[in-house]
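Here chain A shows up in two complexes: once beside chain B, once beside chain C.
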Partner chain A sequence: MSIDVRTAAPGPRPNPERPAPGAPVKLPGTGGQQQTGWSIGDRIGLAAAWFCGISLCVAAVAIVGFMAWKGVQYLHLEMLTSSPEASLDQSTSGGFLDPLVGTLILTLIGVGIAIPVGVGIAVWLTEYGRPAGLARLVESGVEIVAGTPSIVLAIFGLLVFQQSFMGVFSFTAEGGAVFGRSFLTAGSMMALIALPLVIGATREALHSIPRHVREASYALGKDKASTIRRVLLPSARSGIATGATLGMGRICGDTAIVVVLLGASMQTTPEEGFGGLLRGTGSTLTSYVYNNSPSGEGNAPEKAYAAAFVLLMIVLLLNFAVGLIGKRNKPQWN
Partner chain B sequence: MELKEEQTQNGSAPGAEVPPLRQIVVESETVPIRVGDYAGPPDPEYGREPWQLNAGLDSDPIWVEERMRTEALSIAYGGKVAVSAVDLEVNSGEVLALIGPSGCGKTTLLRSLNRLVELTPAARRTGRIILDNQDVDTFDVTRLRSRVGMLFQQPNPFPMSIFDNVAYGLRERGSKKPRRKQLEPIVVDALERAGLWDEVSSNLNHPALALSGGQQQRLCIARSLAVSPEVLLLDEPCSALDPISTGIIEETIVELRNEVAIVIVTHNLQQAARIADRVAFMYLGDMVEYGPAGQVFGAPREARTQEYVGGGFG
Partner chain C sequence: MEAASLNNVEVQAPDLDIDRTDRRVELLLGALASTILLLIAGMILFVLIKALPSFTHNGLAWFGAGGSVDDQLMDIFNSPADPADYVYHLRAWPLLYATVLITGVAVVISVVFSVLSAIFIVEFAPDRLRRIIEPVVKLLAAVPSVIYGLIGILVVVPFVAHHLISEDRKESVAYVIQLDGTSILVGIFILTVMICPIMIAIIVDALRSVPDKWVEGAAALGVNRWRAMRTVSLRAIRPAIVAALVLATARALGEAIMLSMVAGSVGFAPNPMDGFTFFLEPARPLASTIVDNAEGLSVVPFGQTMYAFAAILLISSAFLSFAGWAARKSFSRYTLGAR
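== the complex of A and B ==
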């Protein structure tokens, strides 16, 4: 994470024939003497750049270090395998198996929707994109979704999924009121969070495929659909995976949608009938941390720190995976 | 699929010493064969002028027949004319080199022969392109492109195995069919003709992009040959390669002209002199001179050709 300022440093390159920095020299064609070397402004700028870079490192190390210290202190293995219980005493309030599984389910639903939809949009934008006006409209749509705060998405989702014809996605109370909160409804809003990342990474991957690779496929008598399916999508695979993994990281870390649309219940509560778990409510690590933190209702900081540490590890692991995916399996043409 | 059946017939039959000649499906009339108009080493019996002879490598005499022809072909991008009223003959049994300075329209001309130029939205074409006495506009563009193959400047194997690359053109859209067993003889034959078989026979399942640049380019040749084209278009195929790979590709090209009509765009005049039987010199969209390689290089009729082959254009 450190910034290598040596390569970015302004001023002349080291040159053995050049006089020492600061020494006045006569340069041909400049009409007079010029000061070489770094001015005081450059020096201050360089120092500031160093300082900023190191500060960021300190912040990153502090987050991981502090969470690791607290996490190792409070995290016990049985917390990962036991459900949360209603108790004021932190020693009897159980673990966070349900939130952990909830995070997993929600992430899978989110990327499960976001990958096919996002890849489809990216392929259309990159390979077809006509009429141009429609393409621009789709692009701004993607930007709007990307820029919408997740709490707004959550409220919007609640509005949509509480409509009576959306009853199949969640619990319907006696009298016909649709609850609107379930893994499915939260997952589909989570998909909107991951979608711009999937679209962006896929588009970038498709753009990086040289034109002559597409033409080589056409030159073998293949049509566009076949080229997309057999050449372009396999070539963009690592880009798609990168986007999906970034999206998973975002879904894991989102709290607002969970609180509003998943119910943020203490335990996972499946509904009766087909797909009961998906139509039921639950919680994730983020809502668990929020509810147990001093600002939440639980006031169980030990549990909050332990869960936050697990969440941080999951997200860091995903980011690490992004780096790995980006390096491997990416086709390289000259 | 019609194509598939032809492929299977044309694949190397086990035990056959000489690969069977390609059957060319001519739907209208038969193609006139101009007997005696062959490229090859000097043959005093035919009394040919020295400059009419194949400029380059030693090879046996081969029949020359017309495969493709353009009639008053013009291509413009927007309002800018890139190729103007070009009449060109492409013969099987010959290597035709298109030479000329950058921007003279030779690549556009080449790309129009398999209608790849139509992928550029601004491109407009007038004039006719005839393949085996049929206007290319009358057939399906995908069918045309499987009959007129193309090789690009940069080696561009697809990100799949060596086998799948060669089999790519033979498989139906999006599916793995026909199965590997059926395709194997064709793939092996194509790799042999491209001179790559000995190097890759043990690792057909390895990723194609792990090959060296020269091997990748020969793989691309094999990929084109697998669909049994009648014409092969080469767009500066050696410009990204080292001299040794270039030499191997040139040998492959010269061997291939027995079976496929070859059109090559090249900036490298030495290369054109080494491998071409016929040369077309283009300048600012015009076809200035078209003739046997020995004549164009040895005794050019036009002053502009003289200047260019003598290095005058720089």
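== the complex of A and C ==
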């Protein structure tokens, strides 16, 4: 219930015709009508908002529920401990131990590179950032890396790691052609996927540290470098962890880089010599699922469902960990 | 006295900056940060150089239509080994069209859906539902694309094939394309599900940052909650909506695996004149084309063609980041910042 101020105002009015109570009032100047109550359009909008919100929940429940149902149906424990075999029959094509280990290795290499580099860049951006033009360029550079499709990163990686001087990272054929595909090459491209997330989370954490903390450290005679190492980075630890965990989630879920840069074999095949495993090829859960789906070569939907369920559980666990880190270890400043 | 000692500290602070170890750390970190610029420059340069032969052989006709793009790709793949006889003939229009079509439709649907969902989450959801729905959005954003693809091809595609495609419909287009359920409809649908959570997360953050006073001011003027959201909050967060749009478009452009699984993987340009059948026709965007042909990258002219596709994707995503930045900058003069 709203009261039109002008109809209730006392005193003489230029126009003596008073509108009936409840009638729309013409506002001077705007030419519009005063809107009160819920019009039909408002009601439709509200209903649409409810519909969208509810359908989000339904979609999530449907996806997780369906995957869990299929997962429980097809997942057996021995799948987690046996290697994939080439077989047309789904009951003899083995498990997905290799892809599982592959996912783990790739994730570790990815965040192993992304954390130091990302933290370094974030610290430079927030604590130094001189010259300002360069800092702005780097910032937009990070944004461009974040926006680049992973398939483009993948074939760019292939281009780089197939150069002859990159031979140490992968397998070199007789004629001197470099294969370019290995855990190391795929992992370093994966690092680029995690990098923007680590940088973003670390910068946010550094920004949230108040100025007086830095000044207290300077007042104790510490220079900027040791302030960063002893004060700022320990305080930003939970931010860094959040970024790294988000990055791990993205790395676990990425398929394009694995398909292009990790070779086509499902089994882990190490190279000879030092660091052979890392220089060898293999597979991850994502490429295993892709290969065993009807669009891949294997076409074993039961295996694909089981592996996808395990993958989903890993990703959800990581997601859950992000929430936990954010809640627990946040430093409190007053 | 106290003021004087404080001043001393202020005077000393610049001295700390020229301390030698400190200077070295700054240079080291600055060099590290600059490598990312080198990386991007290298990426654009490398990919463009590798892609150049495909563009120069076809000229602007590269972007045009003409013939079956899959046959052309096959010819390129089977080029003679002699570099002088490499085949480059390509008319990439069906792939470009598929990319723009699938991305565009999915993004438009997602914007509407995400704005409505975000309004619901921030303003209308009952507390208990809100506590469920926020983790749900994060969960949907975290699900890997290959799982979406798997569900798509094993559940949605068979459903479409059995319930939406009748024999008549199949026959009506049988002379150009086979309808088997893998279609742009499924592609757009799943892509929408995938990019919505990204947009919702950004828009929800932005809606939360709208000062309460503004909404309360609107409410005090007798406007209902829906209108207050629409006329005040939504207008205030326009830069954030642009940011969300850009991020989601970049994600949709680069989506390769899921679309190669559910959208048919046929280099075909769906014809809008076919009515509803249009949505049931298959297509294959640029990113999926690269993934599907990852094995052939070592064939020189074929690889160069794939890098040409990558170059298009790279340039459009870089352009998108720039456009998003420019839009946010011009908007944020008279609205809230993007974050």
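Keep in mind that, in the parts below, the second predicted complex is superposed on the first by the 292 of 334 C-alpha atoms of A that agree within 3 Å, B and C clash if a C-alpha of one lies under 4 Å from a C-alpha of the other, contacts with A are read in each partner's own complex, and residues count from 1 in each chain.
Going forward, contacts are C-beta pairs under 8 Å (C-beta built on N, C-alpha and C of every residue); 3 or more make two chains touch, one makes a residue touch a chain.
In this text the structure is predicted, and so the values were computed from the model without any measurement.
Asker: Return first, second, both or neither, reflecting whether A:Leu104 touches chain B, chain C, both chains, or no partner chain.
Answerer: Neither: A:Leu104 stays clear of chain B and chain C.
Asker: Thinking of the overlay built on chain A, is A:Ala216 touched by chain B (first), by chain C (second), by both, or by neither?
Answerer: In the superposed model, A:Ala216 contacts chain B only, not chain C.
Asker: Should A:Ala225 be classified as contacting the first partner (chain B), the second (chain C), both, or neither?
Answerer: The answer is both, since A:Ala225 touches chain B and chain C.
Asker: Could you look at A:Gln332 and tell me whether it touches chain B, chain C, both or neither (first, second, both, neither)?
Answerer: First partner only.
Asker: Touching A:Ala48 in the superposition: chain B (first), chain C (second), both, neither?
Answerer: A:Ala48 sits against chain C, while chain B stays out of touch.
Asker: Which chain, chain B or chain C, is in touch with more residues of chain A?
Answerer: C
Asker: State whether A:Met313 touches chain B only (first), chain C only (second), both chains, or neither.
Answerer: After superposing on A, A:Met313 lies clear of both chain B and chain C.
Asker: Is A:Ala256 touching anything from chain B or chain C once the two structures are fitted on A? First, second, both or neither.
Answerer: second
Asker: Indicate the residue numbers of chain A shared between its chain B interface and its chain C interface, in ascending order.
Answerer: Touching chain B in the first complex and chain C in the second, residues 218-219, 223, 225 of chain A appear in both lists.
Asker: Flag every residue of chain B that touches chain A in the complex, lowest number first.
Answerer: 3, 114, 116, 119, 142-146, 149-150, 152-156, 158-160, 168-169, 171, 173-174, 209, 213, 220, 223-224, 227, 240
Asker: If you look only at chain C, which of its residues touch chain A in the complex?
Answerer: 9, 13, 16-17, 19, 21-22, 25-26, 28-30, 32-34, 36-37, 39-40, 42-43, 46-47, 50, 113, 116-117, 119-121, 123-125, 129, 132-133, 135-140, 142-147, 149-151, 153-155, 193, 196, 200, 222-224, 226-227, 230, 246-247, 250, 253-257, 260-261, 265, 287, 290-291, 294-295, 297, 306-307, 310, 313-314, 317-318, 320-322, 325
Asker: Give every residue of chain A touching chain C within the complex, in rising order.
Answerer: 2, 34-38, 42, 45-46, 48-53, 56-57, 59-60, 63-64, 66-67, 117, 120-121, 123-125, 128, 130, 134-135, 137-138, 140-152, 155-156, 158-160, 192, 195, 218-219, 223-225, 228, 249, 252-256, 259-260, 264, 286, 289-290, 293-295, 301, 304-305, 308, 311-312, 315-316, 318-319, 323
Asker: Could you list, by residue number, the parts of chain A that touch chain B in their complex?
Answerer: The touching residues are 210, 212-213, 215-223, 225-226, 229-231, 234-235, 331-334.
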